[in-house]
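Just dropping this structure here.
A, B, C and D label the chains in the order they appear, each numbered from 1.
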Amino acid sequence: MASVSARRRVYEIIEPGIKRDGLARLFEGVSILIILASVAGAVCSTLPELDPGFRHLLYLSELVFGLFFLGEYAARLWTTPEHPVFGGEKGHGVLAHMLTPLMVLDAAGLVPFFLLLAYPEAQAFILIYQILRFFRLARYSPALATVGRVLSNEWRPLMAAGLIGMGLLLVSATGMYLIEHEVQPERLGSIPAAMYWAVVTVVTVGYGDVVPITPLGKHFTGFVMLGGLIFFALPVAIIATGFLAEIRRRDFIVNYGMVARVPAFAGLDGAALAELVSLLRARKFPPDTIIIRKGDEGDSMYFIASGEVEVVLPNSTIRLQEGDFFGEVAVLGRIRRTATVIARRTSELLVLDAADVVKFMDQNPRVAAVLREAMAERVMAQDVVSA
Amino acid sequence: MASVSARRRVYEIIEPGIKRDGLARLFEGVSILIILASVAGAVCSTLPELDPGFRHLLYLSELVFGLFFLGEYAARLWTTPEHPVFGGEKGHGVLAHMLTPLMVLDAAGLVPFFLLLAYPEAQAFILIYQILRFFRLARYSPALATVGRVLSNEWRPLMAAGLIGMGLLLVSATGMYLIEHEVQPERLGSIPAAMYWAVVTVVTVGYGDVVPITPLGKHFTGFVMLGGLIFFALPVAIIATGFLAEIRRRDFIVNYGMVARVPAFAGLDGAALAELVSLLRARKFPPDTIIIRKGDEGDSMYFIASGEVEVVLPNSTIRLQEGDFFGEVAVLGRIRRTATVIARRTSELLVLDAADVVKFMDQNPRVAAVLREAMAERVMAQDVVSA
Amino acid sequence: MASVSARRRVYEIIEPGIKRDGLARLFEGVSILIILASVAGAVCSTLPELDPGFRHLLYLSELVFGLFFLGEYAARLWTTPEHPVFGGEKGHGVLAHMLTPLMVLDAAGLVPFFLLLAYPEAQAFILIYQILRFFRLARYSPALATVGRVLSNEWRPLMAAGLIGMGLLLVSATGMYLIEHEVQPERLGSIPAAMYWAVVTVVTVGYGDVVPITPLGKHFTGFVMLGGLIFFALPVAIIATGFLAEIRRRDFIVNYGMVARVPAFAGLDGAALAELVSLLRARKFPPDTIIIRKGDEGDSMYFIASGEVEVVLPNSTIRLQEGDFFGEVAVLGRIRRTATVIARRTSELLVLDAADVVKFMDQNPRVAAVLREAMAERVMAQDVVSA
Amino acid sequence: MASVSARRRVYEIIEPGIKRDGLARLFEGVSILIILASVAGAVCSTLPELDPGFRHLLYLSELVFGLFFLGEYAARLWTTPEHPVFGGEKGHGVLAHMLTPLMVLDAAGLVPFFLLLAYPEAQAFILIYQILRFFRLARYSPALATVGRVLSNEWRPLMAAGLIGMGLLLVSATGMYLIEHEVQPERLGSIPAAMYWAVVTVVTVGYGDVVPITPLGKHFTGFVMLGGLIFFALPVAIIATGFLAEIRRRDFIVNYGMVARVPAFAGLDGAALAELVSLLRARKFPPDTIIIRKGDEGDSMYFIASGEVEVVLPNSTIRLQEGDFFGEVAVLGRIRRTATVIARRTSELLVLDAADVVKFMDQNPRVAAVLREAMAERVMAQDVVSA
């Protein structure tokens, strides 16, 4: 029984995102540092002018990193029974676990360690496997995972764009081969050779090592380059659109969590809440930065998700904290800012644009009542102060 | 009578998209392979260092491919009476059929066969017609057809962008000609020559074979390059926007068909259904991939269009199949995922983002009732299990 | 009185867009041809290897074109009283008319004519003014005018992007100058010289005539290029967005006019009509093209704005004309296309996507009734035919 | 007491955006001119062929500019008590003020002055600090500040894109190093050297100073360039989207202020007003430009925020001013423009597209009544005139 719970504890530490306690965070930090150090070491090891002493240090550190990765890999195999997919009675077992992409990547990262001990002269292989370790970061960064998701989401249009691009490259390379293979046999002497020129031209890199030299070739190149604009536009548009949609989805989830900390929104029904969250933008302010400046146009109001801000009134200051809001006086009264507001600690604010404030209040009278009441109180307080 | 029905059968086999039975699919697959092999052979045949034996093999295979294309072309002409446009009593007949773009392309693909037999030394012509066969794929891929549709949809703005680009190129080439035609007469000695420099510069290819060498020419080049950014932006934006709109339209149709397999949506009226479909995204999961991981944020719910998934509960697992849904507990309860879900077979899922779930349920109480009931049952079942 | 009406007639002919009768169209066509011929002649005249006979021909044609432009300019001045701005009792008169941008451009186009007669050796000036004639096309093409409108609309963000770009170029040039002005004094010996390198690099042209040669310079170049991506993104995004918005506005107006020809939409109130127009896309089909193919998915329905289409039924065909609609059976019944439809003449169709059909019908019961009735009739008719 | 109010006055003059009276505007203009002159002087001072007399002039002007910046810096420190953040009883004082980014930048701008007096041979340092003065413009231009805001808003996706880009560069550089480090040891002899090639290739600059020379290297380069398209798309899309959103937000605020000057919109409730403002576009017309031409399509109506326009009727003209509107006759009557309208003074107009006019009127009957009444009057007036 004890060994099972120890295995559970190890699993929680080495698997990111299960539990975020001290040891798990420490392990994550150390792992990322070792991955980066190991990749940096591999990059440096290719410098021909490297000092032999430093090269020896790299060799030693590689052995240490290798031991670390070996231990981690062993721990992952050992904790397979805790894994939701491969563990349990109906799980697929250790072998299936070893064949998942991330575990294969981990295993690949072990290759340099054994090669260094056994065949240290296989430098190219060692280097490739060392550099591949960079992608172990995928375990810790959702960014790389997002890209994978976008590519799998947009598979069909990307294939279509690829087919069009392939056709364009084929026609370009064939045309150039026919036009110039006799005057430049060493550079454009076959369609595969002309294909290199076509790719370099179509993606607008344009090294200049293969260029047209006949007038006809130059005219043809002009049309190929204009056609390249089209080819260039499609994958860029597809991936950019897909990526931004993924980012927007993640932002929604993050803001959704923050809204729960603002009492003014308590009791909103589902549809209103979902609409509100899609209108809010999260912004972070470091300590002692001005959020609102007296006299500016009132372009948005703010809800405090965390941190602390200070409203500077003529003769006094007011501190606002998590769950409070401010900036509604200028927005609702359509006047300029009546006070300066400063972040006193690192503060996460939810910003609602002026246009959205009025629209949203119109459709949600309960929220409107809360905001208007707060505004009335504050305007009165200020009048008393200035009186 | 028999011959008519034989012709009908041949027509169904060789015309893509009429019937998708075994023979039609086989014919489609073989056609695509032969097109690709024929183009690849043409590309290889230009390699000067090619082994004579392999070159002879290419020659023989070209003859075989040519016979295949010849037979296909003859079959298409023979089946003209079955064609909806050119067949029938009021149809335009075989000649009109031969003049359609796709049939002209097919006829062009026959040229290499006859030339190889009659004038094998006309290599350039043979090569051009061989490469053109790549575009026969348009018959089998809707992607190439989509591009044509986008170009015809966006004809007017593209013409406008072209006119602007032409003006920019004219002014750039004239300016450069006037500034440097005396110092670089061999490279910029006429406006047509300077036009080559202008195109290479404006589309940001920048080979470097023609560059300004006077200070004034360098200043002028700076402005031309900045102007090129504008020219570059327009066609890219137009085509990218048009293409994405076409893709979105096709996705709508595909998802529209899938929704019919989900009982929870049965009985939705037209407007609600159309809105729902535009909110859903289709995603495919290979076997044994994790769809939801216990403890993650609940950012969306899933409907199974095809395949099978497994919900991993502490002491048991539940299998869900076509028409079922899952992931609603975390979304509606605004809590973290309470169970891991794994795709057991290749599964097509329809994903509905959390924001859209709450909005859509608010407007469609009947769907909301179905989902809430299912959720209540599941939460209860889990409580029983953990109790 | 007679001379006034003659002036009016001349004004209607030479001013595009006033009246579109035969003479006005002829004048427009001839003007565009002469502009293009004159610019092409100017481009050709710079070819050093030009045949003297052809050069003489260019000289003569330039004199003819010059006379034409002179006559047109005189006619425009003469018809000033008919101009809505400069004519009339309260108008600003001929002088103000001469100072408008288009008239200044016209006057500039006259310079080559007089220079050729007086100082034929001033070749550079003659050439510049000849090339500027290209922009006379702005009178006939709304495209060039649209670009001007976009630039004036987006003036503020473009200035902002320009300021940021300037800062980036300054820092890049200064850094490169400091790093490499001693090793490459002839290429990077001053900040203005380094600025040429910076522009060529930042807009990703990359001629390669000035490149970093020190390791530090290469590192610095890497950061400059990544910074260039940002600079590149801003003006592209601003202009592309603005241009697409202008295009969409024009499309709305064009479709708005077409909708009036469809009886099914008669009597829609303003808001419904505006919404409908923004949903419709106009598409043109040449004669004898398939619009719908039997058995395809029903992804949209069509309204005929002009032209004629033929619905191919098993034993008969139906002709539909301006104001008719088709394709609603598959969309509303959620089935595959039940008949093939072919354009018999050049036809302008208004396309409504399936998603929009159901949404729009839900909100406009009167249109829904018209469409459903038509559908019922057609389905019945087909049943009778097949029975 | 007098000294306090003098300090207040100085603060109002030197701090942009507090008060916009004559002295403050003068100070702002002079500051911008001196910043630009100082940067231009620094750029010129690097020209090796510079005339010694002009160089001396630059030296003297640098001393004058330095004194100006010194005075301004001193004034800013002196007026710290007036600063909303650092002044007041609870403020953080002068030292905290000195450590804000803008003040550090100001202090950096003083370095050249002291270095020129003390160590005039430290030319590189002097130059760097002189060029940095360009960013003092951030105080006067909201554009540079907007970029900062966009970068801070989009921090997370940019980091993600950066990580992906880094992985791509690593793999590209390693691959190229392994393939070609033996044939091009001086150019691709280490991974850091290959990294330079990778960056130049991936951002499509393509200098051509390092290019693949082996067939395998050329194939690999093809894939790297296609991968570069993806890397290129992400940061461009992220920044462009973020920037456009910021611009739209600012436009909303500007238009919001203008709408208050149009009586027809008085009394609209918050939600309707916010919707209206998001539909309006502000456009500026210089004097004597045609806004509407008789006979054109009626694509939008106009509200005058400032300036004066003239409606040209057959026998008379009408002058319209701030608060008036025009163009509604063609839009609401769905006819062509019935009169030409000309801007007589520089006029700021709020444009509402035809589609939005009908939609907005449908939802706001009060505005509709005002517009229809005005239209009825005008049509009647014209009938009387033409009768």
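Rule of thumb we're sticking to: a residue touches a chain if its C-beta (ideal position, glycine included) is under 8 Å from a C-beta of that chain, and two chains touch if they have at least 3 such contacts.
Please read these numbers as outputs of a predicted model, since none were measured by experiment.
K.L.:
So which chain is farthest from subunit D, going by the mean of the CA atoms in each chain?
P.N.:
B
K.L.:
With over half of the numbers shared counting as same, classify the subunit B/subunit C interface as same or different.
P.N.:
different
K.L.:
Could you see whether A-D or A-C has the larger number of C-beta contact pairs?
P.N.:
More C-beta contacts join the chains of A-D.
K.L.:
Which integer distance in Å separates the CA centroid of subunit A from that of subunit D?
P.N.:
One centre to the other, that is 27 Å.
K.L.:
I'd like the Å distance between the centres of subunit A and subunit C, where a centre is the mean of that chain's Cα atoms.
P.N.:
Here the centre of subunit C sits 38 Å away from the centre of subunit A.
K.L.:
Could you list which residues of subunit D touch at least two other chains?
P.N.:
Answer for subunit D, listing residues that touch two or more other chains: 192, 195, 204-208, 232, 236-237, 241.
K.L.:
If every chain is a node and every touching pair an edge, decide which shape results: line, ring, star, complete or other.
P.N.:
complete
K.L.:
Spell out the part of subunit B that touches subunit C in their complex, as residue ranges.
P.N.:
Residue positions touching the partner: 17-18, 84-85, 88, 90, 92, 96, 152-153, 156-157, 159-161, 163-164, 166-167, 170-171, 174, 177-178, 181, 185, 189-192, 195, 201, 204-208, 211, 218-219, 221-222, 225-226, 228-230, 232-234, 236-238, 241, 249-250, 252-253, 256-257, 260, 269-271, 273-275, 277-278.
K.L.:
Would you pull the subunit D residues touching subunit C in the complex into a rising list?
P.N.:
For this pair, the touching residues of subunit D are 39, 42-44, 46-48, 124, 127-128, 131, 134-135, 137, 141-144, 146-147, 192, 195-196, 199-200, 203-209, 232, 235-237, 239-241, 243-244, 247, 281, 283-284, 288, 290, 293-297, 299-300, 312, 317, 332, 334, 340, 342, 353-356, 358-359, 361-363.
K.L.:
Applying the document's contact rule, which stretches of subunit C touch subunit A when the two form their complex?
P.N.:
Touching subunit A from subunit C are residues 204-208.
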